[in-house]
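Okay, got some structures for you below.
What follows is chain A paired twice: with chain B in the first complex and chain C in the second.
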Partner chain A sequence: MGSKIADWLDERLGWRSVWEAIFLRKIPKVNWLFTLGSATLFVAVNQAITGILLTLYYVPTPDHAYNSVQYITNEVAAGWLIRGLHHWGASAMVVLTVLHMLRVIFLGTYKYPREITWFTGVFLLIIVIGFGFTGYLLPWDQKAYWATTVGTKIASVTPGIGDWILRVMRGGPELSAVTLARFFGVHVWVLPSALMALSGLHLYLVIKIGISEMPGKDD
Partner chain B sequence: MNEKEKKDYLAGYKKAKEKGVHFYPDILFKDAVVSLLIFILLAALAYFLGAPLEERANPSDTNYTPKPEWYFLFLFQLLKYFPGELEVIGVIVIPTLAIIFLFLLPVLDRSAKRHYSSRPWIIGITSVLGIGIIFLSIQSIRETPPPAEAGLGDPIAALYAENCASCHGPMITVPEGTNLHLIITQGSHEGGMPAWSGDLTNNEIDALAGFVLSPRGHELFNSNCGECHETAELVSSSPIELKAALNLGSEYPAHSELDIPNWDEVLSAQNRTSLLNFLVAPDGQRLFAINCSACHGRSVAYTGEEAELESLISQGGLHLEMPPWQEKLSSDDLDALARYVSSTDASAEDAELFSQLCSSCHGTLIPQMNDFDLARDKIATGGAHETMPVWGEVLTSEQLDALVSYTMDASEGTPLEVGRDIFSKNCALCHGDFGEGGVNPARPDDVIAPISSAEYLKTRDDHTLFQIIAQGQPNFGMSPFGSAFGGPLDDDQINTIITYMRSWEANPPVEYPPEMTLPDNVDLSGVEIFETLCSQCHRPDGSGIGPVLSDPDFQKNNTDQEIFNTISKGHPNSSMIAWSQILTDDQILQLVKILRNLNNDGSEAGTSGPASFANDVRPLFEEHCTICHGQMGGWNADTSENVINTGNNAPSVIPGDAKNSLLAQKMLGTQSSGGIMPPAGLLAEDQVRIILDWITAGAPDN
Partner chain C sequence: MNEKKEIDRRSFLGMATWAIGGLIGAGFGIPAIAYIISPATRKDEAQDWIRLGSVSKVELGTPTLFKTKIERQTGWITKEEELSIYVLTENGRDFVAMSNICTHLGCRVRWISDQEQFFCPCHNAGFSKSGEVVSGPPPRPLDQYQVKEEDGQLYVLGG
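This part shows the complex of A and B:
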């Protein structure tokens, strides 16, 4: 019965070839360091899921942001866990991305034919940092407010367009409700879209080209 | 990498793949194990440490030391090594280069070699970057303020090292004309500089300002004066006195018995200027407060040219161009002019007269006077500044510049008053006089939140406030106020209201209740509680935020029980919290008693003993009178005898007869000749009463 359904579906979806291409492909013998990439993907999925759950309760206005975060932490069922996973997941994301990148540099994996994979990877690192920076403001507590005040101020040092950058980031000369709305929008719409598009390409290339083998002493 | 190398690589990779394993299940299993471990780790962190949440963001709390998330710490630390102009290197150049290096890695390293031992450069640079980032992060975490490099016995340098050096390094240079006292007092949101007014005294802040603005003066002070004088006792003393001491050298009375050299022989003119700049920092606001406010009040209305003001101040008493108009004008004309400058509803003829006679010197400026008689007197006798010291001879040019630019700025303060007026007519009914809010008159169940809190003002820009005022908030029962929406106010008036509201930001009239914890075992008395806690908002005399506690109406309309309940349960519409959580019933009962006593207006407390000349009366004279009389003489307040017998119209005091004493008359405005004293306006009632009581008691020397 099971195989009949599988056959019926395969005739229509062609899933077997996809399954073979992705899951049954051959991989050179590699060590545990090569799990860093998929670990990063796992944490990214964790961030997406917990992030979506957080937006169900979070309100991105200065009047309510802090209260809603308190509510999530103290009142919502398992809210502490969702927020905790998202908070620590952010740090894990940075750590894993950087370790993954160091592994790639150390083993020379960015070389032919995987240059494009590397380029998308660097963009993904910048996106992860952007997530960290925008997400920091959202709880609207003292740390969030002042670190963002200083952080945006630092960006304004850029020669020539510094002041413009500051105004764009803050949505005005001062940190305000506009800044919070802006950071929220970037954190939940702009960066996730970019992350999905780029990590899609990244994964496609990883599967298509295959992950590199451990280089021998002569390679 | 050439074509052959590419082919070789692909071939080698194909072989490696054939020898390898399937993604599913071998590799996927490893991935799943690692992912599961990571998830367990994250869940454990969430369970044991939780996600931190600090206090709600408070834009007015500049004491907070911002610290970014740990993965930005290295960048934060990097900035410390690139102060000032170099900042751009730490912020932009280095990070951009690092990103570009990363990005171009496959282009920079195109050899076929993959093993790390064949790529020392790339591995090297990456390691340096990585170790650098780790080092900077660790450094940032453990970095403590640098040790104070204070010279022994140099309290100002110590003050600097303790409070400023950790951020500003060994020395700050500020542009000329910086209002340093204000900056130190209020701090700076942008730079994360805290407001020091809570931690340092006014004198300490002055000393720091002088230290930064005139380091040379600080050195000179230490080597020449430090042996006898502590800085704090001299900073911000009257510049007239300091200048006299410097010029007279051993002739200066207080120095006469000491072996003091003549300063003009020891110190060059430039050094004397530095020294003066250190002792009296060229800070307009402070200079005005110390030197001018005794006569001129909070600010002087002035609309002329800056250069003109400068010459006016520096000439001081020499500025006598204004003729005594009583020789030329009839009594009626004098009345008309005085009316014009002292009241707002003067007639067109008055204005005509003013423009004919006065505007050639005064321009469009109307010298603001609140008192008609005083104005008339001024116009009649002319020579508006005959009692003013010749500041040009006293102040250094830096000090003079600072004073002039402050006076210019301060005289532009009028929109505030207009704004307050419009606010109180249009907004205060619902929002309260201080924007503190209260019960919504349009909807009795609703409470209007404060609009003067730092948080409210910080989170709304001018445009938003304008929209709210102009269009109203129909959902909350606020009708539109803009004329474009059928309201009474035009755009300028709305902007003036916003200006007024912004003035709250510097000094918010509504604060959220201060965080207070009283140790359980300390049993504070009612008086102590009132002085330390209640008076923070209500002021010591009960006139602060909320109802005026000493007001007879308030006292009449509230029973003891009602007052008790309000204290114990708090007030739902305001920031008054339920004190029963902190205070015992007994303590609240004591507070009720204290509130009842506020109504007695201090008449009992004030007469607790006869006023003492040394303790009560002379300090008042010193504060309000000697600033002018000490220099220009006429009357001397040193001893009770001098108070009675000196002065151009001596005796100034008739012991036992306050009513006929000239001194008392001038303080009450009932004098037969001359103007009131002090010229800036009468003293507070209780201060006048102390002096009157002292005269009535026979002007004793006690």
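This part shows the complex of A and C:
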């Protein structure tokens, strides 16, 4: 029965070849360090699921942000868990992305024919950091407020255009409702779109080119 | 049927992967559902006696409108809400307190004195002065509050 449905669907969707290409592809003999990318992907999915759930209650305005976060944490069933997963997942994202990158550097797998995989990966790291930076403000507590005050101020020391960058980031000279709204918009729309597009390409290339072998002594 | 099925390493790992994946899925799914439906499962707040105003304001034989403010906690917001209640008495001793919320789909009804009827503008419903449905789609009479009179003041039980 199950396999009949699978056949029926396969005839129309061709899902088996996709499945095989993704999950049954041949890989060289490698070690556990090669799972860091998958681990990053797993945590990214965690961030997406818990992030979407958080927006059901979170309100990105100065008069509601803090209270809505407290409401999630203390009043909503499993709210502490969803928020906790998103909070710790955010740190795990940065750590895993960096470890994944280090593996690629040390095994030299950024070279031909994987340059595009590497560069999309570099942008993905920047996106992950952008997520961390914008997400940090959203609880709108003292730590969030001052961290963003300092973070945007750091950007303002850029020679020449520094002050302009600061104003664009804050949406004005001061941290305000405008800042919170735009950080939220960037965090839940701009960065996720960019992440999906780039990680789509990144994963396509991983599957298309295949993963590299462990380099030997004389490579 | 005593043919023993050999489970090789590959299919064991395959099954283990599905099992772990299922556990992770449940680990997300169950809390997620609890999280989503949580506000709907909260108990309504405790009922309390709400003061409407002086008994002497109630006109004999005509529904009289009382407006009062109550505090409601919704999510993380405490807000003042206006409660409009029609009080009717025929003898000055027994009082009926009716909600102004239409029992059809929740619009607000209004007493039209020259027609001697409550009128709901949403789907043209009419209620008699004691709250019975006279015309239109509402399925039941206007809801009533428990009322009490104390020291010349009227109170209703609500929350």
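Convention: the second predicted complex is superposed on the first by the 219 of 219 C-alpha atoms of A that agree within 3 Å, B and C clash if a C-alpha of one lies under 4 Å from a C-alpha of the other, contacts with A are read in each partner's own complex, and residues count from 1 in each chain.
Convention: a residue touches a chain if its C-beta (ideal position, glycine included) is under 8 Å from a C-beta of that chain, and two chains touch if they have at least 3 such contacts.
This one's a predicted model, so the numbers in the text were calculated from it and none came from an experiment.
Colleague: Could you tell me whether chain B and chain C fit or clash when both sit on chain A in the superposition?
Modeller: Fit.
Colleague: Now for A:L81: first (chain B), second (chain C), both, or neither, which partner does it touch?
Modeller: Both partners, chain B and chain C.
Colleague: In the overlaid three-chain picture, which partner chain does A:Y57 touch, first (chain B) or second (chain C), both, or neither?
Modeller: Only chain C; A:Y57 stays clear of chain B.
Colleague: Which holds for A:I49: it touches chain B only (first), chain C only (second), both, or neither?
Modeller: second
Colleague: Looking at the overlay, what does A:Q70 touch: chain B (first), chain C (second), both, or neither?
Modeller: Touch partners of A:Q70: chain B and chain C.
Colleague: Just to be sure I read the superposition right, which of the two partners does A:F119 touch: chain B = first, chain C = second, or both, or neither?
Modeller: In the superposition, A:F119 touches chain B alone.
Colleague: Rounded to a whole Å, what is the shortest Cα gap between chain B and chain C in the overlaid structures?
Modeller: It comes out at 5 Å between the closest C-alpha atoms.
Colleague: Which chain A residues lie in the overlap of the chain B contact set and the chain C contact set?
Modeller: Dual-contact residues (chain A): 46, 70, 81.
Colleague: Could you list, by residue number, the parts of chain A that touch chain B in their complex?
Modeller: 22-30, 32, 34-36, 38-39, 42-43, 46, 62-63, 66, 69-70, 73, 80-81, 83-92, 94, 96, 101-102, 105-113, 115, 118-119, 122, 125-126, 129, 132-133, 136, 139-147, 149-151, 153-155, 157-159, 172, 174-178, 210, 212-213, 215-219
Colleague: Could you please specify the touching residues of chain B with respect to chain A in the complex?
Modeller: Going by the criterion above, the answer is residues 1, 6, 9-10, 12-13, 16-24, 26-28, 30-31, 33-35, 38-39, 41-43, 45-47, 49-59, 61, 64-72, 75, 79, 87-88, 91-92, 99, 102-103, 105-107, 109-110, 112-117, 119, 122-123, 126, 130, 189-192, 455, 458-461.
Colleague: Using the touch definition from the top, list the residues of chain A that touch chain C in their complex.
Modeller: 46, 49, 53, 56-57, 64, 67-68, 70-71, 75-79, 81-82
Colleague: Per the contact definition, I'd like the list of chain C residues that touch chain A in the complex.
Modeller: 28, 31-32, 34-39, 41, 75-77
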